[in-house]
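Structure in structure tokens, see below.
Which chain is which? They are A, B, C, D and E, in the order written, and residues in each are numbered from 1.
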Amino acid sequence: MSNQPSVYEETLKGIWRENPVFVQMLGLCPALAVTNSAINGFAMGAASTFVLVGASFLVSMFRNVIPKQVRITTFIIIIATFVTVADFSLQAFTPALHKELGAFISLIVVNCLILGRQEAFASRNRLPFAVGDAAGMAFGFTLALIMVGGIREILGSGSFFGIPLFGDNFEPWVIMILPPGGFLTLGVLLIIFASIKKMRDKRKLVQIES
Amino acid sequence: MANAAFQNEELKTFRHGVHPSENKERTSSRAIERIPFVKEYVMPLSQHIGAPSVPIVSVGQEVLKGERIADPGGFVSTTLHSPVTGRVTSLGPRLHANGKMMPAVTIEADPYASQRTQPQERPDPAKLDNRAFAKQLQDAGLVGLGGAAFPSHVKVQVPEGKKIEYVVINGVECEPYLTCDDRLMVERPEAVLRGTQLLLNNTGAKKAFIGIESNKPEAVESLRALAPKEIEIVPLEVKYPQGAEKMLIKALLGKEVPSGGLPLDLDVLTNNVGTTAAIADWFDRGIPLIERVVTVTGAGIPHPRNLLVPLGTPVSALIDYCGGLRRETKQLIMGGPMMGMTQKSLEVPVMKGTSGLLALTRVFQADTREYPCIKCGRCLEACPMYLNPTRLAQLSRMKVVDKLMDYNLMDCFECASCSYTCPSNIPLVQWIRIGKTMAREAQNKK
Amino acid sequence: MKNSRTNDLVLSTSPFLHTDASTPRIMGDVLLATVPLILAAVWIFGIGVLLVISAAVAGAVGTEWIFNRAAKQSPLLDNSALLTGVLLGLILPPGFPLWMALLGGAVGIGLGKLIWGGLGQNVFNPALVGRAFLQASFPTAITTWNAPAEGLMQISPRLFSTPLLQAPADATTAATPLGLAKFSGEMTAVFKVIIGNIGGSIGETSGILIILGVVWLIARRACDWRLPVGTVAAVAVFSSAIWLITGKENANPLFMIFSGGLLFGAVFMCTDPVTTPTTSKGAWIFGAGVGFLVVLIRLYGGLPEGVMYAILLMNAVTPYINRYTQPKQFGGATK
Amino acid sequence: MEYIWIFVSAAIINNFTLAYFLGLCPFFGVSKKIDTAFRLGLANIFVMVITSVCAWFLNTYILVHAPYLRLMTFIVVIASTVQFVEMLIKKLSPALFKALGLFLPLITTNCAILFLALTQTSRGYNFSEGIFFALGAGAGLTLALVLMAGIREEAELSDLPDVLKGAAMSFLIAGILSMAFMGFAGLFSGA
Amino acid sequence: MSSENSAGPIRLIVTLGLAGLFSGLVIVSVFLATQPLIKKNQEEALEAAIYRVLPGAETRKIFIEKDGKLEEAASAEGVDAVYAGYDPSGRLVGYGIPSAGSGFQDTINLIYGYNPFEKKIIGMQVLESRETPGLGDKIIKDQNFLDNFSALVVEPVIVAVASGTKTKDNEVDSISGATISSKAVTKIINQGNDKWRKLIDEKTESEGQGK
């Protein structure tokens, strides 16, 4: 246990090194389905953050009393509860946003990232670590969603978080806010990340050799 | 047109295949000439498919032309005879056409001997049963002269429970440049027919076909003039690789030899015209297989010719006889341009399977750039075995060995039609050969 | 001895003969087949079309050049990127903004070809990937058809619209015969469609020149004749059936065949060896599939024209077509 | 509304995978081999029909009284029904179980299934409309999976650039497929 | 995670029961807390739409079909309904009729206002659609297109014609480049008319002008 990373480290890893979307390929459906604008990405990220952190909190807290056989069921009940809460709250306080995200808020229930974190982390770690991990993952997830949403919005609508960037005459690349644009944006982002990693590895190799 | 003789006949053929330019005109009307004797003859012990022959002579021993010098090394193996009257000088390794040093019997010609062939003892073929007849072919050292050099007696011997209904004689000579079979049919039709008759009589087959591509009208005419009715001379459309036995049988009989099977499975025996004539020579004249016709041609040869050459003659002698190699010569090929093998040295000897010697002034692999496969499908349309060469090559290149078998890799008999036709110049056969090697290795590991 | 220079003899493996056909030459033949179409387009729409084609070519060839340099490959010797650019240019509207055409060429080669590993390995037709991207991105611009030009030198101002900004409206736009038939119930006379002096993509308007092109391609063995023939035949069969049964006016098979991009697609895109089946049986199936989808989309879909989507969809099915039409084994299996 | 349009819309116009981004994990995870992709597709159709029936039943008889428990109930009931049917199949047809069994747990409560149930509810489909919707959605997923698998098996044999060897290529292929499927827009909409 | 390998069945049930209890409590309380707001939001959205398609209306009533007649109802939950809108003086402005159908891409949900006295459509608003941004989605905001529906004669049926070719009072000028979506809107309105107009007209006739 001596080498265990600090809460701080557990939190940071989700942002880049183990980014749920770009590295772990988890929670892809919402990452693409609702990200035709930055604000949608942000909202989805925020809702997921609420659910992930909340569920991790409860699961970690009660990790020693939940019997193994029913743990998945229990996790799902807990997650579904938070999702329902999030769903109702969005519906009550930001109806317009809720209309945009539609069924995908409910679909957070089955987001493999959230269940996966409970199974892999929250149910095995002490409260601060669990919450730290959840917050980091959620932050990374939100960041990825904003990134994908932002790129799609900038090219597809000529704005960022609703603020026009290129003036009225901009010719939007409609494809970016259509389904193919989601796949293509994520695909291109992955290529860019892979290329960065490849270059870095090469540089490391050179350093080791010299 | 030269092929006026069968203008109105419908020419048979097989499906797929390619049409390389024939390049036969430089030698097709040149009568066969006997090449002068040289000082030394090299008889490799492996000139055929199967076990090497076992020498029965010792260094320093005097041998007569036509005398037996090596025994078969097993059932799938054959006898060797001395191509010349002279003295054995070595039993050690000599350069073989495959580029390696291989055991051989080296004989120095006796400059004072008469060099007449000593007729060998042989029985009356009419009195022989199938087994004894086959044994005679082995004693005569007969192997397929069509290129594969497979011992003829193995094919002729009909196994228990099988029968031969048709004898198919291969006068196709579909390889570009080569004209040795053509000339043989034109000049010695009676020998070809006599050999065919012997095969018919002995195997009990009811009919023989001699398949000849329509670019050899003279051969068709000379054989037709003498052929009895049970031997049918069939002109075929010109298309490579019609001479491959599976294609020839498909063209003549419309039947396909089963994958992995033999002509025997269709009650068919195939032999090359050269082999067939050699059978006649053995029974009628007592001459074993000690010489053969070789076409020497190509842009690198000043005076192309068809030569009757004693086995064991170094190719340098053939080339010298035809005027030497032109300066521009880039490649020397033993065999035809589609299936032959390149040679580095002029000292390799002519062997039983050597049908041609080709000097080319252009190396296509070096002069052309390879492009990626554009999936044009031409190789599929070329492959006479209905294979998918581009996919086989791709799987081989990507080392996906287990899938190779799904595409019937082993059916490929390496005719190179696919490589010939590929607009991207991809060495498809080469990849397929590599694939076969990988597949065999995988098999062995299991 | 005369033969002293045996050391120079080259060793290699058979075969030592080869056809004259070569991949760059095939691509060149197809390029030649497009020349009459380009000239006709200049005649009909003015010299502006040359700029559109050049922009698409620049996008395609430029992308290939940059990428291949990065990958340290010797690029561009095979003419195929050039061909992709030309073909893309020919399926764009005559007044298409140049920056969009350039983008289309780049996306076509990048997304349609390079990511797959380059020439010969792509599953989708690169020119059509480029166009599909443009159509989904700029649906208005790509469905704005210029009317045939007044004079050779007339150039639509839309061509030079600033990158990223909207194209100005063009006074002389015209609906295509397919659009008219679908959305206004107006039929264009079949003979007019065949002659070709009508609104439409740059290269698609003259059916007669396209047919001349395919005759040339087939004569040069640059394409498998089954693909264009099968495609057109399938359209004829399916549309005739619907024509006879429902009496829909726009299902007239002659109109179906000569209008829109069908002939162009059948001749230049269904024949792309790379993205269509390698087997002859597969070629028929591919043609039938394209024909079916074209008729389906044109007569029952939301878009007036479906050739591009039909071909892309059949490209996606091609791995299966190849798989299930492998030639039967010679002599059957006796394993 | 017309059954044909419900089916066609769910299958190709608004394909769950290519237009709604649903079921992406199994889509990318199980589309490497044609055979498994096809079987996953069948399993999807199967589970979707069960889901549609469950959702209709719950909506009609139970959830009218407690709409706020919809999400929870859907998840629990769908998961347990599928598990029950799975056991049933195992008993009745081991062959079918062998073909599909492996995939059932992977998809019982993935987002495509849940989305189907929720959408059927929000669109107010009746029983048979729901079945057509489920069949269409399942057929569409199967089509997308199978096409993807065919293309990926082909790409496997190509010289893909290094940086594209993983997920990136799958996304780009899906993007192109999604573009191609745009051609079906408006099909049979009758306008 | 619990360290024992197999907890007894009682513990399993108790755990799940507790989890369920907790969850139920949370959900129900959040539901109770948010429901009024959610209801209000939905009403407001609906009302806003109704008042937009029925210019001048400020109050509304819900009507549903019962035994072949329109009948007032307290809520539209779970049933198809139309909304009668009244101006401040209590005069009937018209009926807001929701309708839905297939569009270019996906289902289009819309509501339109119908004036039974003049047999005209007096307003239309799209509630939900996934039409192509920049083309089909003009049916939501394009003022020229929406103007088609400010006084549109419904008999015999409304017809979409090519952009700029409207000549008759029952014709709708399509949006250029989005003919399909335009036609879809008219088709959906005609469907709504088929379903409701007879009922509404009968009721209107039996009641006479206004209230």
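Brief remarks on what is shown
Everything that follows uses one rule, which is that a contact is a pair of C-beta atoms (placed from the backbone, for glycine too) under 8 Å apart; a residue touches a chain by one contact, two chains touch by 3 or more.
The structure displayed is predicted, hence computed values, not measured ones.
Counting only chains that touch, the fewest steps needed to get from subunit B to subunit D is 1. In terms of C-beta pairs in contact, the better-connected of the chain pairs B-C and C-D is B-C.
The greatest centre-to-centre distance from subunit C, using averaged C-alpha positions, is reached by B. A centroid comparison over C-alpha atoms places B as the chain most distant from subunit D.
Core chain by CA centroid proximity to the global CA centroid: C. Measuring from the averaged C-alpha position of subunit D to that of subunit E gives a distance of 29 Å. For the pair subunit C and subunit E, the distance between mean C-alpha positions equals 45 Å.
Note on chain placement: the centre of subunit A and the centre of subunit B lie 71 Å apart, centres being C-alpha means. Between subunit A and subunit E, the centres computed from C-alpha atoms are 34 Å apart. Chain contacts: subunit C has residues 111, 118, 121, 133, 136, 139, 302 touching two or more partner chains. Chain contacts: subunit D has residues 68, 72, 164, 169, 172, 175-176, 179, 182, 185-186, 188-189, 191 touching two or more partner chains.
The set of subunit A residues touching two or more other chains comprises 77, 80-81, 84, 88, 174-175, 178, 180-181, 184.
Touching chain pairs in this entry, ordered by label, are A-C, A-D, A-E, B-C, B-D, C-D, C-E, D-E.
The part of subunit D that touches subunit A in the complex is made up of residues 18-25, 28, 68, 71-72, 75-76, 109-111, 114-115, 118-119, 122, 162-164, 166-172, 174-176, 178-179, 182. The residues of subunit C lying in touch with subunit E in their complex are 139-140, 143, 183-184, 302.
Remark: subunit D residues 157 touch subunit B in the complex.
Across the complex, subunit D is touched by residues 71, 111-112, 114-118, 121, 123-124, 129, 132-133, 135-136, 293, 296-297, 300-303, 306, 308-310, 312-313, 315-317, 319-320, 323 of subunit C. In the complex of the two chains, the subunit A residues touching subunit C come out as 166, 169-171, 173-176, 178, 180-181, 184.
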